[in-house]
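The same chain A turns up in both complexes below, where it pairs with chain B and then with chain C.
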Partner chain A sequence: MNTMQLLQLSLDTASMRQQVYANNIANAETPNYKRQDVAFETYFQQALENAPQAKPGEYHIPIPALNGNSSTIPDVQPTIVTDETSKVDNNGNNVDLTSEMTNLAENQVRYNVLVQDVTDRLQRLRTAIQGS
Partner chain B sequence: MFDSSSMNISASGLNANQLWMNVISNNIANANTTRTPQGGPYRREIVNFAPSSQPTSFQTVLGQTIGSQDGGVQVSSISQDTSPLKLVYDPTNPDAVNGYVQMPNVDISTEMVDMVTASRAYEANATAFDAGKQMEMTALSLGR
Partner chain C sequence: MGVQGIQAVSNVVSGQPLQPSSTVSGQGPSFADFLGQALDKVNQISQNADQLAQSYATGGQVTAAQLMIAEQQASLAVDTVVQVNNRVQQMYSTMMNMQV
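This part shows the complex of A and B:
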């Protein structure tokens, strides 16, 4: 996976998270509904830590053109997990509207940052092509 | 993965809470209704929420087959509150039996609390809808 594909996957994750949080908010009053979340960054971090470390003098993130191999960015997919542990209301629902709204806002900012990053990368590419 | 977009999910939340609000308004409006077409005093109505699913729709079956699921919420049913009716002493009321009238089991303070809850839930869904819309608008600006 290269950086652009990783950014794409992160955008997909943010989009999926938006749907999951919207679903939690929509079901804030549904009896016995358990809130859901998307697990990605933690898994990705773990995979990065378990990945073989580069030795001194080696590229930490290989450049595909140099060695044709970019597999040190681990291939991790976002997964929807159900939160069974947090405090449960009288009606068996564990959605906390305040924290869902916070999650929603944070996710929106994260999405905007990712879009900005992709745009900047494409802009650099365009500059390199046009030479100005 | 979800089949419907986040805006569809939020829209289902808006619809469900709108309906809840209508039922609350109906309860408050009928807080003193002692004679209904079905006979007897008005009984408080309760909305029951359930996660959205349309088991008969082709889209759902296809979605389940390819490993996606529908998101959102729906009002699964509107049921009557079976709690006991209030007995009020009012011999002048034409519906009185032995001087006592059966009044609806609507408690105004409960309805007001529900109304605030429904209103806040509606606002939360509206905010989520807007956030989803903004994100899709941002996606349109990719690469510009």
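This part shows the complex of A and C:
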């Protein structure tokens, strides 16, 4: 997976997150509804931080840290997870409206940054191709 | 601060008059070396932007400002390379069309 594909995947994730958070807000009063979230970056951080354990008689496998090389990016897909752990109201609903609004705003900023980044990269490629 | 008169060019450039090119040939890096180093630097800046973009996309400790600055630096580096390329081609065609 190269950098551009990773950025596209991140954009897809942000888009998915927008829908999931909007769905949470829409179901803020639905009895027994449990809020959902999209897990993506946490998978990456786990994949990057957990060094593979060396078996007896084996060398340590190097941690695939991100170094600008595209081959070291682990293959991770965004998945929707249901939050069962947080505090539940009387009607069995665990959506906190303020928290969802904050998540929504944060996700929008992230989406805009990613769009700007992709735009810059494509513009750079265009400059290199057209030479002007 | 008073306005001073225009100084001679030789005083501006480290106080020494400009040397003809024959006296400096054969010392220091060649233009090809210099250009190669500059291109390596551009590649390095571009890889730095790649690294920051990957780190941001995977939820690393990179702020949006850091990412944007790195991307703009990389874009400027590529723009500079394109401009150098244009000027070198322009110089070549100018010299080829020169009447001798």
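Operating definition for what follows: the second predicted complex is superposed on the first by the 111 of 132 C-alpha atoms of A that agree within 3 Å, B and C clash if a C-alpha of one lies under 4 Å from a C-alpha of the other, contacts with A are read in each partner's own complex, and residues count from 1 in each chain.
The rule we apply is simple: contacts are C-beta pairs under 8 Å (C-beta built on N, C-alpha and C of every residue); 3 or more make two chains touch, one makes a residue touch a chain.
Since we're looking at a predicted model, the values are computed, not measured.
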Which superposed partner A:122 touches (first chain B, second chain C, both, neither): first
Partner chain(s) touched by A:6 [first = chain B, second = chain C, both, neither]: second
First, second, both or neither for A:16, with chain B first and chain C second: first
Contacts of A:39 with chain B and chain C, given as first, second, both or neither: neither
Chain A-touching residues of chain C, taken from the complex the two chains share: 47-48, 50-51, 53-60, 64, 67-68, 71-72, 74-75, 78-79, 81-82, 85-86
Complex interface listing, chain A residues touching chain C: 3, 6-7, 9-10, 40-42, 44-45, 48, 66-68, 70, 73, 109, 113-114, 116-117, 120-121, 123-124, 127-128, 131-132
Complex contacts: residues of chain A adjacent to chain B: 11, 14-16, 18-23, 25-31, 33, 80, 97, 100-101, 104-105, 107-108, 111-112, 115, 118-119, 122
Of chain B, residues touching chain A in the complex: 1-2, 4-7, 9-10, 12-13, 16-17, 20, 48-51, 71-73, 117, 120-121, 124-125, 127-129, 131-132, 134-135, 138-139, 141-144
